[in-house]
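Here the structure is laid out as structure tokens; the discussion comes afterwards.
Labels run A, B, C and D following the written order; every chain starts at residue 1.
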Amino acid sequence: MKAVAKLQRGPGAELIDAPEPAVGPRDVLIRVKATSICGTDVHIYEWDPWSAGRIKPPIIFGHELGGVVEDVGPEVTCVRRGDLVSVETHIVCGTCYQCQMGEAHVCDRVSILGIDRDGAFAELVAVPEANVWVNPPSLSAEVAAIQEPLGNAVHSVLAGAVAGCRVAVLGCGPIGLWSVAVSRAAGATAIYAVEPSGYRRELAARMGATRVMDPRDTDVVSRIREFTQGVGADVVLEMSGNATAIGDGFRIARNGGRVSLLGLPPRPVELDLSNDIVLRGLTVQGIAGRQMYATWVQTSNLVNSGLVDPATAITHRFPLEDFREAFAVVKGGACGKVVLNP
Amino acid sequence: MKAVAKLQRGPGAELIDAPEPAVGPRDVLIRVKATSICGTDVHIYEWDPWSAGRIKPPIIFGHELGGVVEDVGPEVTCVRRGDLVSVETHIVCGTCYQCQMGEAHVCDRVSILGIDRDGAFAELVAVPEANVWVNPPSLSAEVAAIQEPLGNAVHSVLAGAVAGCRVAVLGCGPIGLWSVAVSRAAGATAIYAVEPSGYRRELAARMGATRVMDPRDTDVVSRIREFTQGVGADVVLEMSGNATAIGDGFRIARNGGRVSLLGLPPRPVELDLSNDIVLRGLTVQGIAGRQMYATWVQTSNLVNSGLVDPATAITHRFPLEDFREAFAVVKGGACGKVVLNP
Amino acid sequence: MKAVAKLQRGPGAELIDAPEPAVGPRDVLIRVKATSICGTDVHIYEWDPWSAGRIKPPIIFGHELGGVVEDVGPEVTCVRRGDLVSVETHIVCGTCYQCQMGEAHVCDRVSILGIDRDGAFAELVAVPEANVWVNPPSLSAEVAAIQEPLGNAVHSVLAGAVAGCRVAVLGCGPIGLWSVAVSRAAGATAIYAVEPSGYRRELAARMGATRVMDPRDTDVVSRIREFTQGVGADVVLEMSGNATAIGDGFRIARNGGRVSLLGLPPRPVELDLSNDIVLRGLTVQGIAGRQMYATWVQTSNLVNSGLVDPATAITHRFPLEDFREAFAVVKGGACGKVVLNP
Amino acid sequence: MKAVAKLQRGPGAELIDAPEPAVGPRDVLIRVKATSICGTDVHIYEWDPWSAGRIKPPIIFGHELGGVVEDVGPEVTCVRRGDLVSVETHIVCGTCYQCQMGEAHVCDRVSILGIDRDGAFAELVAVPEANVWVNPPSLSAEVAAIQEPLGNAVHSVLAGAVAGCRVAVLGCGPIGLWSVAVSRAAGATAIYAVEPSGYRRELAARMGATRVMDPRDTDVVSRIREFTQGVGADVVLEMSGNATAIGDGFRIARNGGRVSLLGLPPRPVELDLSNDIVLRGLTVQGIAGRQMYATWVQTSNLVNSGLVDPATAITHRFPLEDFREAFAVVKGGACGKVVLNP
């Protein structure tokens, strides 16, 4: 089968002809109809320090996918051939302390699709039944694919109160854009979207931001304090991983407010803990993955009810073969979500 | 000044010429521009057993009001003449166990406007500054008035998770109608409104219910289970006080779901606690008043942002003098909220 | 193997010679060292209406057990021969809405050991690996057995705030007794234990109750209000299933307090919802089973640290053959937990 | 009256003869029986950069106090002459967004006793009635005094789950020591206390720590992971303000765990947000002051029930006149809490 793989340590990737994946007794084989590019995939493609420490080529990467079930192992009970499915990409142990506590999304022994095992940039992929999410047949394959990163946004937004609250979203890549949409659907009464790319600011406005700001020409801390009568935002969703944005984020939050961190800064960040967090009584949350599977239930309900239309954030589509062009678009930043079709 | 008062123990009320209220050093005197009729006012008007045990005539009743500040006592610091205000009707002690715990809405020594002291069916009313909520001047006086019962709906809906959830609202009087609207604004993905009055079912649909049902000709438990693939509703908001609805409510809720009770049944209700609550792990909440003042902040944000338009539920307006006609309309049930203008 | 089984519809049970249980590929075969009698077992033994509707003889009943792993199926990965284990008795589907939401303890398709399939009153029992809890080898088998009902107490007590709170425990059967001990360990500053049996009141005092009361000669509502300066208890743990106790429970709770219901009343109960729950803003929780497996983690930590010594509640031990005598003791009520040794 | 005051900008303080404080209509005049030294008082005494930016001499400093009510203003309603009282030192506005939300401990316009207005290092102090906490007359004045900083510990420990949890306390100054004691009372099953001073480690052990460690000769991250079978601590209470301890704290916490920050680092701290917080799904809480007044209720219940004995941490007592010697002891670090008696 056709697949995009990292064959050796270093930048780049190759289109290969790979053998079909083996299907274990509790596995589901999926024919990939749409797969989308995550920031993590860009790190792997470019072979950044994190990738160099984690990825062991040869590996087919990619982990966001929507597809149709082609086959199931003999012990699979709930998934059927022909089902339109999405995939939770964290394959968890089920027995560590966190798994026992109902916090499998921070499992101590997680294995991730397309990072620790062959992934979704391929015509076929095999995953454990437990990780398969069955969608209504009317859903499009590309929305099925993006439910996984949309779930990150849902997890972030719903990690605390949001209805009746004023929310700041820092960074409007795809997860930031969906955070705007989910905040809107969940009753945020003002949504301040901060993003340097004009292309993405426009998308943010279309997805429900009440104010969009360019942090390069706006003092966002002052502006948001002004919009909130000096109070600050009840909720700050940090989606950029940018050190300046993170520092601003704590100062944008009102006393007693919530700052949910999803963006991954590549280096340590210096924080004024005393004045920005302790004395102001903030709550700071690290947001990892999706709650398994409460976030999927919420995401699915929001999408299938039409309250959130995540497809608005899909701006580019390429055949899988044109993956180099697709990665170039993602790196350029003038895009929302980029989809590959195998 | 003109006022509607209960002058003696028994049904009915009188339009009287009352002296202007005294204004204490920390009090605010409000010229009432709009006041609305609560179910409690109907109980007082009709002199039901509860009223007979609680109300001590003579008293001006009514407690939902929007008005303009006419005067302030010498120790008032934050409210000014000319402010357009609403009023939290629970005047609390500030020192009991619940007040200390931040749960003043269930204060042990609460005194309620229009029940324990002269109220809002008048041209002027005096209340402590602590109970005055200042609105933007652009708000209409009648929306200012209904923010108080709207707050009951906000308190009910936001007493637990609602975004991404399926919600059933039992009883679509004004607070039920607003519960529909607030659930919608807060991200409920389906809202099942149950109400015998066709007039109110139509209002419920206009305010965002995804399904409306007449419990007299529908087996609502079965129907809602059907709509939810046999699961049941995540959240049940009981707004009717009707014993049959309450019993149904527990069976409509999914295992592990939430049932928030605001409606006040006039008599004890028989419940199958074992099968309907204990074994299914439900959480049942008594909803009293509004959190002071977190609910007001949320309500105000939802109204002023335009996410919730509570005026849709106002269906009738009368001059204060025509209070008898207004009460007749409320009792007839073919109405939403009924407003009186002094 | 030796086992106690219900062979036909009707009261009583028989000691039988049963075949050893089959061990599926993901099952664990356990040699039972201690098994204890639950109130549910008494219902089955006596063939009450609930049993008649649920139990399908022939069946080996009993579900609380501690034992040593005798054998494991070929796909078992984490449990080993010789492990000293306890068993979570709710065998859940893993795929229903509640299981997806992380609320498997209220799974829609639960199958219960000793109720829906052969159970623990036997020399050997087979259960899925997922339901096996491995203990440190130093734990006694009988404490291993009672961790399951102790978990009900842990689930009840820790279902809300308890440190710094005043707690009332209504009914001091084994789960009530452990609720006293867990409340004490978790920082309850006063524990009012209400129980008609003098034998059990004495046990309650030994396990940490600060006051014990006989509801037959004490007005418990007044007394507890007196002990709490008129406020009421922050937390009420209803462990009796008695209708009078339940009604009292709501009136013992302070405004805004929590009432956790675990006891199972055999018939519907009449409640004054308006005055006892709604207007006072109570939170009422149905407590079903144990959170899977957060409650087991907490229980295990509490037991193995020595903070809770559940063995104090074990008052009688019998060989399995003497089960009739054991049931008679349980029914007599002058006992704590009764253990059977196969 | 006798008082210790900062008379000019710079290090040091003076014993002065000050006029008795004025008592406003809603104020309470307290005769100070015991006052204790907070780390903040040391900063003011030494005139660190924070003090130089905040303190406006002349001012009587000190804010932790127990005393007897000497007089009350004419509008005081609940406090009486002769009451033994403690004082909440945050005097809040009551009207800002946070105050409205029930989060007065992070009031936007807080004024702090002994920092922004004359404080407790004196024979008499006047405070608003709302800030006075009445104790049972049997309490000692010095325990009344230390309930204020004890409240910080209670706020920290009870800011999330602790019963059945393993807790690490970093830094065993007085608030750290009390955090050990409160964690113990609230059901922590293991308490790892980290502190360089041997004197304080011994106190920590006496107050309930199950392990004490010197971070100068122990790799505390490894050791605590070892004690917890590689999992990490469920809860980390950071009481030191030391940058190394803070960094360790995040690595001591288990995936999904809680880190509550109370210690105030004097400078910005560099954090590996991606690996230490985001990807591991931590919750980080800034702990400011005490919840008003839920924390006081909890603290009072814990102290008056005898579950927490905070006096164990009092190691030194001086007459107010010997304040220089007292400050020297505090700075030396071989002490727990140091009390001054006016």
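Convention: contacts are C-beta pairs under 8 Å (C-beta built on N, C-alpha and C of every residue); 3 or more make two chains touch, one makes a residue touch a chain.
Bear in mind that the values here come from a model prediction, so they are computed numbers and not experimental data.
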* Interchain contact steps from chain A to chain D (minimum; 1 if touching) -> 1
* Pair joined by the larger number of C-beta contacts - B-D, C-D -> C-D
* Per the centroid of Cα atoms for each chain, what is the distance between chain C and chain D, given in Å? -> 40
* Junction residues of chain C, two or more chains touched -> 97, 101, 297
* Tell me, which parts of chain C touch chain B in their complex? -> 96-98, 101, 103, 105-108, 229-231, 241, 246, 254-256, 261-266, 268-274, 277-289
* Structure fact -> The chain B residues in contact with chain A across the complex are 154, 157-158, 161-166, 182, 185-187, 189-190, 297-299, 301-302, 304-305, 307
* Structure fact -> Touching chain A in the complex, chain C uses residues 77-78, 94-95, 97, 100-102, 130, 291-294, 296-297
